[in-house]
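As structure tokens, here come the structures.
The following pair of complexes shares a single chain, subunit A, combined with subunit B in the former and subunit C in the latter.
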Partner chain A sequence: MSRVWEFLTATRGNGRLDWTDWITYGYLALGVFLMFFPVIWLLLSSFKTEADLQRFPPTFLPYQQETLMVDGYEEPLPLFLMTEGEFEGRVLAQVRRVGLQAQMVDPANPEERLRVTIDQREPVEQVSLAWENYAGLFERFNFLQFFWNSTFITVTATLLMLLVNSMAAFALSKYEFRGRTVVLLLVIGTLMIPQTVVLVPLFLIVTELGMFNSLWGVIIPGAATPTGVFLLRQYMITIPDEILDAARMDKASEWKIFWRIIVPLSAPAIAVLAILAIMWRWNDFLWPLIVLTQTENFTLQLALNSFQGELQTDWSSLLAMTVLTLLPIAMVFMFLQKYIATGIASTGGK
Partner chain B sequence: MASIELKSLRKAYGAAEVIKGIDLSIEHGEFCVFVGPSGCGKSTLLRMISGLESVTSGDIEIGGEVVNKIPAADRGLAMVFQSYALYPHMTVRQNLSFGLENIQTPRAEIESKLNDVAGMLQIDMLLDRRPKDLSGGQRQRVAIGRAVVREPKVFLFDEPLSNLDAELRVDMRGEISALHKRLGNTMIYVTHDQVEAMTMADKIAVLRLGELEQFGRPLDLFNDPHNLFVAGFIGSPKMNFMTGVVHSADRSLLTLDTGEEVSLPVTGFAHRAGEKVTLGVRPNSLLPDPNGSIHIQVRAVEQLGTDSYLYGQLADGTRLTVHNPGQTQVQAGENVALSFAPDAVHLFDTDTTLTLREAP
Partner chain C sequence: MLRIISPIMRLIEIPMVALQRMLGIHRLAWVFLLPNLVLFALFAFLPVILNIAYAMTGGDNVLLSDRPYVGGRNFSTLADCANHFDPNSCRDDKFWRAVWNTLWFVTLQVGFMVGFSLLTALVLNREIKARGFFRSVFFFPVLLSPVVVALIWKWILQREGVLNAFLDWTGLGGFNWLIDAEWAFAWTVFLTVWAHMGFYTLILLAGLQAIPRDVYEAALMDRASPWRTFRRITLPLLSPTMLVVLVLALIRSVQTFDEVFAFTGGGPGTATTFIIQYIYEEGFAGAPRLFGLAAAASLMVAGVLVVLTLVQLWVNRRNVNG
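Moving on, here comes the complex of A and B:
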């Protein structure tokens, strides 16, 4: 911890703040603000009630008006602080409001009704988290179904992609065969074709194969990616051929060489690709939107989209679900970030 | 029996022929060294025997059976690689047992074989480490252990000592020789270092540009090199060569290109009067002699205490090395006269580079 602090407060030298330190920290602070402010804003807003979200000017923290159970009333009544008029300084509970007039009661004396104009008061508010936004996701929407769909697609597609890509990369990096360069160029060539161009033909194929409106229709077209093949191939080239020869002399089959030698030695590159694949699949929107049309097959991204109606948007649910959608990917990053750094570093050299 | 027979073996990559028809026969239990300068095809030849490289034409026989079509794994060979090629993600124990697991050896048997080999090579305390935590010499032992544990018919070594420092190399040289004596297997060892070849081999095959220059026992190669290349390659420091023409009337006289006349042995060599020949004399056969007929100017002197070397050149620029037992008073820049005993010379035909020695 002390080392973290030491790192965060490092200066250019002599312990004092040089002008370059000011610029550096200013720049870094700006970066932190730009990156984290939207996320924090999202997180705090997801705990606001629908009314609080509509308020102008907006507040940073989620506020809710305080309420109180008053004798003789079944519902809790909202509290107001009187700012002027004859009851100035007292906290009253509102019974009902008609136009600019409101009927209030003093919680200490619930029998007597008091009439005030609404510009004489302001609501008593406190910071409060609207957990019902989250609870509603599970009660009103089939959040777990969406979550399961997204998870199933992400996990299956990632595993399938790692398997297919690493086998292709192994063949392209370690076997000499006629047309190897052509195959590799074709693979890399597909990088130049934007996905939107092949969207329609891909859709037709998926429909022909009966995978329309099925999770497999999302999983299988993304199983082989040129980026993945290329990334893994570049890494596998650095594995010395002599190790494979040694394994062959050790009577290992080619399949065994792949599983016992190539895969463990490519682990850093495979980890990088796994992280990328998880992010791609989890955040994928366009392709699932085309293939999946029934609500029970929706992924989280599609569900989020469906909150945004033409006339009305359910902001509180939308924000809460956005937070829940972000969490798993943030977790993956937190646990695997050291592999990203080492993996990318080691795919570059040696 | 694991004798190895190569019959007019060829290897070509497209139009480039790297092995140009080699015939070789290695007896069971022999330690055979393939030696030659880099690019001579010795490693390719070894990889062809191992099965890792395909054969373009010709036959490889192991124990009397043609193995051209048999994959590397089924030839009953084990190989030690130049870079050791240990599996970096496995411990030493896993490295050693990988091959045995692949042939479904029972666990207990693997364990006992592994312990035998580890004890023999003194790597038993390293079994749970990974290759990156080992020193060069230890990795070398593990690589040898991985070959030994599978009890192959033939061991193949591909320049196994070239990554070690000089001192360790001498040690490992002795250990590999000792291993050969203990196991009694046929071994083929590839190196570019003729000292390794001389000290370890039962038989040496000298290769150059994909062709077998000479095959025989180390001292036979040293004493009776078939051509200029073998003469120059075997022996350290290198043999000295001087070109000249045999006297037109007297076969016992040779006129060097510098005009100096030296005497030649009349018997034992098939040189003819007036023929252009190359005279080869080993550095230890050239003796400083005030009456000597060869004159060099000394360019450098190396004093090693027990030996000293003079590096000089003839009047026509031909460089000569003289080995002098003990210490010498000669300084760089001096002129020295040399002579040699007539029976210590080698004679080669300058045009064909072949030896002129008559078969006994």
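Moving on, here comes the complex of A and C:
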């Protein structure tokens, strides 16, 4: 119990709450709110029906009107609480509404039809999640296809990047050869050529290679990243050369050394690069926008962006799609957050 | 997955061993380097050269062989202005609007972002518990894709969205944010700062934590005030990291496209159209597709980025030659 108390009152000075501590925790609280609330709001909104979404001011939780199966009627009837008139205080089910009049029945006494005006009643609501927003994505839109495209690109590009970059990093860290410095400089030079400034010629090259409008047109150009090579190289340098020499004396081939010694020993750095690569490829937007022009090849990001144009008034579907687009990355984050934070901090940059 | 990869790796070993026998261990390094170098050559170096070729040709054909040579005409078209500060007086007014928008954006966005990142890093560096949790909180939006970020905030900023509802409730009254050019611009600055500051906070926090504690203790013993400690000790010791963060932020900020395109589409009008969007629209979205202009503009952006990257490398020079 005293540890909990210690935690709650951890302060700067001698046990009293300093004004700087108030500011510190206030700032952190504000930060938590500002960072989390928008996403939570997105999540909650995605579970609201269209009708609920149109409500202004909006409610925090998703509400839907309660319904009840009443004897003698095939469909569930919406429930209202009577606020005025002769039936005030009672909960009635609505059969039909015509203009300003509504026909209601008491669920306990369904034969008798009661006439009221619509201003005498208000809906009975309960917290309810509109799962149909999500289900509708799979039925009305080609959602699974977009999800597959994104996943295929992300996984393949990440694996390719890991393999190619680790091979290059191995060469640059464990071998002495003529031209090593030149190659290093070339790799550094690539840092100055981000995709955004070579879009036009990249487009030509990808088209000439027959990869236009193909997922491979997104996968392959992204595979060689100077950052990946540096990150892995920095780590591989710390692997003692004696291990390699011992393996060579045991007549292991270089490839075997690479695959069975270097790669397993570089696992932490490879993990960080993998996480970064997954993030970059899943969230890729501009290049896929240029390369993938047919809808069936769209990634989730492209589909999401293109639908916000078409579904201006269908926010319920759009919000659900947004949540599903962010979910995979959020889950990767939750499971691997420790590696991300320490990895980025130690490498000091993207 | 290992079961699939292992036999593949063993298969690859066969040609690799043969190559090793042919080339010897030292030259085998080139074999390991080859895939990476091919990719770099094909998708980084070759494009730069081609970019120059594109910039000096005209027409809307993507095949270089079918493009007529026009020399510096694309560049002169872009630079043609009576008054460079007034896009309306320029031949390619959209280009100059994009340039000025980008300049304003980069200044404001990097300024705010580095400022808030520093502030947050300083707060996180204090003796607080659950620092890991709070660190993750600020880093969380970095993971979200640009389109998701854009949609989250677009939803909040709707005329009937939660922000306006809150403002109504406080009596300040709601506002149609996204239709107003200046507010749309302000919100793009806001949401890009929101989305990216966590990344820089982490770097700055690492820099702060590298400052040894005894320096602070010495300052405390000398009865230095917190502000004095900050100015005379923290800031100078942190300045290398600050420089890294600043350059990284600038490099990324100049290339802003994804979030803004999904958020406002460059609008209202061209109020939030930045330079990369200009390149995208001229080269890929318009009709005719003006590859020459797009390439010329790309080269100008590339020039800026090269300068920034050289600065970054110079700052990091000690780390590179490990």
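Following the convention adopted for this analysis, the second predicted complex is superposed on the first by the 250 of 350 C-alpha atoms of A that agree within 3 Å, B and C clash if a C-alpha of one lies under 4 Å from a C-alpha of the other, contacts with A are read in each partner's own complex, and residues count from 1 in each chain.
In the analysis below, contacts are C-beta pairs under 8 Å (C-beta built on N, C-alpha and C of every residue); 3 or more make two chains touch, one makes a residue touch a chain.
Not measured: the values here are computed from a predicted model.
With both complexes brought onto subunit A, simultaneous placement of subunit B and subunit C is permitted, the two fitting side by side without a clash. In the superposition on chain A, A:Phe170 contacts subunit C only, with no contact to subunit B.
By the document's definition of touching, of the two partners only subunit C reaches A:Ser45; subunit B does not. Applying the stated contact rule after C-alpha superposition, one finds that A:Lys256 touches each of subunit B and subunit C.
Of the two partner chains placed by the overlay, only subunit B lies in contact with A:Asp245; subunit C stays clear of it.
Number of subunit A residues touched is higher for C, counting subunit B against subunit C.
The superposition places the C-alpha centres of subunit B and subunit C at an angle of 70 degrees about the C-alpha centre of subunit A, rounded in steps of 10. When the shared chain is aligned, subunit B comes close enough to touch A:Leu265, but subunit C does not.
With chain A fitted onto itself, subunit B and subunit C come no nearer than 9 Å, counting C-alpha atoms only.
The contact surfaces that subunit B and subunit C form on subunit A in the two complexes overlap at residues 248, 253, 256.
By the touch criterion given at the top, residues 47, 50, 52, 71-74, 77-79, 81-83, 85-89, 98-99, 102-103, 146, 150 of subunit B touch subunit A in their complex. Touching subunit B in their complex are the following residues of subunit A: 240, 242-243, 245-253, 256, 260-261, 264-265, 267.
Contacts from subunit A toward subunit C in the complex involve residues 7, 10-12, 20, 24-25, 27-28, 31-32, 34-36, 38-39, 41-42, 45, 54, 56-58, 163-165, 167-168, 170-172, 175-177, 180, 183-184, 186-194, 196-205, 207, 220-221, 223-224, 229-230, 233-234, 237, 248, 253-256, 258-259, 279, 282-283, 285-286, 289-290, 301, 304-305, 308, 315, 318-319, 322, 325-326, 329-330, 332-333, 337-338, 340-341, 344-346, 348-350. Put simply, subunit C touches subunit A in their complex at residues 9, 12-13, 16-17, 20, 25-30, 32-33, 35-37, 39-40, 42-51, 53-54, 62-64, 119-120, 123, 126-129, 132, 134-141, 143-148, 151-156, 160-162, 165, 168-169, 194, 198-199, 202-203, 205-206, 226, 241, 244, 248, 251-252, 255, 257-258, 261-262, 276, 279-280, 283-284, 291, 294-295, 298-299, 301-302, 305-306, 309-310, 312-313, 316, 319-320, 322.
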